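Before I ask anything, let me first share the structure, which is written out below as structure tokens.
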Amino acid sequence: MLSRGGGRARPARGGGFELYSWYFFRISGLVLIFMAIFHVVVMHVVNTVDEIDFAFVADRWNSPFWRVYDMLLLFFAMLHGVNGARVSIDDYVHRAGWRIVAYSALWLITVLFLVIGAMAIVTFDPNAFDTVTAGS
Amino acid sequence: MQVNLKILRYNPEIDSKAHFETYTVEAEPTDRVLDALNEVKWTRDGTLTYRRSCAHGVCGSDAMRINGRNALACKLLIQDVGDSMTIEPLMGFRVIKDLVIDMDQFWENYKKIKPFLINDDQAPAGRERLQSQEEREVFDDTTKCIMCAACTTACPITWTNDKWVGPAAIVAAHRFIYDSRDQGQDERLNILNDRSGVWRCRTVFNCTDACPRDIKVTRAIEQVKRTMLYDNM
Amino acid sequence: MLNIYRGREGMISWALHRLTGLGVLLFLLIHIADIYVINYGPEAFDELLFIYHNPFFRAMEVLLVAALYYHGLNGLRIIAIDFWDRAVLYQRQLFWAVVIAFFVTFIPTAILMLRPVLWAN
Amino acid sequence: MYHRHDVVIVGAGGAGLMAAAQLAHVADVAVVSKLHPSRSHTGAAQGGIGAALGNVEEDHWIWHMFDTVKGGDYIVDQDAAEVLSREAIDAVLELEHMGLPFNRTPDGKIDQRRFGGHTRNFGEAAVRRACFSSDRTGHMILHTLYQQAIKQQVTFFDEFQMLDLIITDDGVCNGVVTLEIATGEIHIFHAKAVIMATGGFGRAYKVTSNAMANTGDGAAIPFRRGIPLEDMEFFQFHPTGIYKLGILLTEGARGEGGILRNANGERFMERYAPTLKDLAPRDMVSRHIWQEIREGRGIDGSDFVHLDLTHLPPGVLHEKLPDITGFVMTYLGIDPAESLVPIQPTAHYAMGGLPTDIDGRVTIDADNTVMPGLYAAGEVACVSVHGANRLGTNSLVDLVVFGRRAGKHAAEMVKTTDLEPLPPEPDFRGRAEISNLFDRKTGENPSKIRAELQADMMDKASVFRTGETLEEMRVKLAELRDRYSKVAIQDHGKIFNTDLLEALELNCLLDVSEAIVEGAIARKESRGAHMREDYPDRDDEEWLNHTLAYRTSGGIQLKKKPVVLTRFEPKERKY
């Protein structure tokens, strides 16, 4: 092989994005360990899925606390998870074409699910349906 | 004792794909795996191809995958691997022939991080640049690197992501970033802050396990990450 | 040809971490979709919830919790390694600590979750 | 393929890279090496590089020069030794400025330690002169120089093996013929100057500290083309190689306080060298180890003695000798802090080689006539600063001092010289040698010949020699040479054909072995590393001179060449 050293390295791309992404993993992870686990424990352990129905959710979302809680959880978990998926795509998808497809799909899914998730939490109005009975 | 070597062979001039070939040779338990390979080459099959030179773990030529893990053939004794072993080339780079891989990309990654002292001040005339023993100690571990590529090719990120600079290049950068005489820290940290830089490391530790010089590779990478983080925060 | 690297604890822990992370993400997406259905009223929602009662989904749910527990605990291990210089030297022990902590937390959780099935009849 | 450069350097060890550093910005230079540069054997050097910095105790270059001359048993060229010891200081500082991470003294200077044969005030006591970076000084030198070459964008041709030297009919060297290992293609490098820096040939012996690539190619190939080899009979055996394996345990281990012990646990070197004891020069220590063994005081009556490091203060092994501690643990499974280490002398260093002047120019006769265009530096060269026995740490000094001088001189030379046209078909010899090996389909396996060569050289031409054993070796070599002409290799491919390369290297080993043996037969005295039991004394009347070996059609011819004496008169050598 003919080798010659030292040419100027290509300038750093993306500024500090990778750094903040990495840092966000840690911060959101720490937040999630409380929020996600608490969520799972409440929803799937203390209550089991047998007890969860429309009424249960409606009751829960009567309290603004739970709406804010779920909103935060949604954003932290999604951004954390999507960031992870982004890194994985970077590692496994190489062909330029496929990369574009994969990233586009990822960002689309991200936006779409954040929007519909947020919409569900914000716009949900149990009183819009007449069968309302609160309590479990 | 009799030793069985199952070696992944590939000769681009003959083979369309790699295949295993098994050889049985006589060896002492205290012989090196390299001795067994030499025995195969010198008495059984002269076409067996691998790199080697120093035969005692200091030149970095003969890193290969022995029983599924990266090691230097000259630093691993038969008694430590047993009487049957599978030998394959390092993963992640193109195989040129048998156990010889194409290291071009590896050296490019090395060069990318500017592996040389950067200090634009006039060196003092007639004496050395001073450095305390403590300052010297900080980067001692990473000066031991022999560029064998065992770490980089053991890293799962290398296998799938060809842009990743890899642990060996970061080890080389570490050696300069923490050298009190060096002034190129910013440049090097900038280069490693890239998408292909340190953040791609997922603390898999295969590199540290593979390093024949017992360099704490992951530790070095983590130190670089922290320096970058604290500098930017 | 099977081309597998014989990694040790670090590699296993990472492979599981990535797998569980992506798994939980997938579950999260499904979960967002089903919650979205709530805006279509109780009938639609409760009907959908029915699928959660099917045994396959119950198993998946337990698996989700397992994944989340492991991922979370190992996440703590990674964070420790990232910010505490000496932790790299103990990463192997930390992995086994994660494994132990995982079983200690997951087994009771699983029992509690499956109690309707276990004690149903 | 054809390449044109001002200067081609063959070999990317310490000497080649140091020369490249001088040339990088002033000329078009290419470095050709059969190994990737960082694999060169300079990286194996452990103990240190000598320079009278006086960082830890008083020291002067002239003391260094005296030790070098005396260590070499007075057939050192003293003009060269003076250059070596004066410029060592500057060269070491230059290495530090390039970034070499030396160990440090408490006040932040380069740390220094004791090494064999280095003394204060002309032999009074051991002095701390070896500058070191743990016990991987060579590794740090090699990497630092390679890194500088990267910085300066030197052009490298990695994994290109030299096959032949191009010399015009007018006797001007203007290129080399090489084989690109990865493809099997022949490349011709056409240049105004060629610098040979291909290192040593310890692989002529069975037990050696040398790398498998150290096969003396850069000595053998010019030798075939009529250039003489100087002082080949002097081959150094290092006292402390790991038993059977030959892996080196640096003299720095004794510099830090290690002791040699025989079967009785006795520190036998006290008897032979009362002042320096275990730190006497290598030729003496190796000889006395064999003497102990012969007189039945080897461990368990066998052919090794012990290196005792168990009494060193805790921490010394880990801080100053970590690598050799690792070698002992890896290859012997014992901890040198607790157990005695079995050692035996190991073939280590070629004092002889291509004769050069103090600017690295290769000379071809007793009058120092220069061959235009050809330079040599490092272990392949014989300046001669090492005479009959090299002192520890002086080889690394040799690399940087004379590598630098050769590079500087070549840089000047190419400015005023025109490129000579290549002779017709410059690569015909190289091609013929290869096709000759490829064409023979049946014949002996060259590996067998190499094994016999190494075993017999070890028995008959190592630490002790007699006229009789050497004659036997001469006969054996003729036989091996004949068998070599009928060998067959198994690999007939073009891509990365190491089978072919090993056969080519064996040919080089045969050449240098012949020169060693012929020189040793002729030199009827004992001096430095050359110990003739049938002529146990030094004979300054007859033999205070160098030998030049020429390969001719009628076999090897020897000539004498005078030694340059300046400051120091030959005296009896006592330590």
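Letters A, B, C and D mark the chains in the order given here, with residues in each chain numbered from 1 onward.
Just so we're on the same page, a residue touches a chain if its C-beta (ideal position, glycine included) is under 8 Å from a C-beta of that chain, and two chains touch if they have at least 3 such contacts.
Only a predicted model underlies this, so the values are computations on that prediction, with no experimental measurement involved.
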Comparison of B-D and A-B (more C-beta pairs in contact): B-D
Innermost chain, where centres are averages of C-alpha coordinates: B
Approximate Å spacing (C-alpha centroids) for the pair chain C, chain D: 62
Distance between chain centroids, defined by C-alpha means - chain B, chain C (Å): 35
Rounded Å distance, chain B centre to chain D centre (Cα mean): 27
In chain C, residues with contacts to at least two other chains: 18, 78, 82
Two or more partner chains touched - positions in chain B: 107, 111, 114, 116, 225
Junction residues of chain D - those touching two or more other chains: 150-151, 182
In the complex, chain A residues that touch chain B: 1, 3, 5-7, 9-14, 16-19, 21-23, 87, 90-92, 94
Contacting residues of chain C [partner chain A, same complex]: 18, 21-22, 24-25, 28-29, 32-33, 35-36, 38-39, 41-42, 45-46, 49, 52-53, 58, 61, 64-65, 68-69, 72, 75-76, 78-79, 82, 109, 112-113, 115-116
Footprint of chain B on chain C - complex, ascending: 1, 3-11, 14-15, 17-18, 78, 81-83, 85, 88-89, 91
Touch list for chain D against partner chain B, complex: 35-36, 38-41, 43-44, 93, 96-99, 101-110, 133-134, 136, 139-140, 144, 147-148, 150-151, 182, 211-213, 245, 247, 323, 326-327, 330-331, 333, 445, 447-448, 451, 489-491, 493-499
Residue ranges of chain B in contact with chain C within the complex: 18, 65, 67-69, 91, 154, 156, 159, 202-206, 208-209, 216, 218-219, 222-223, 225-226
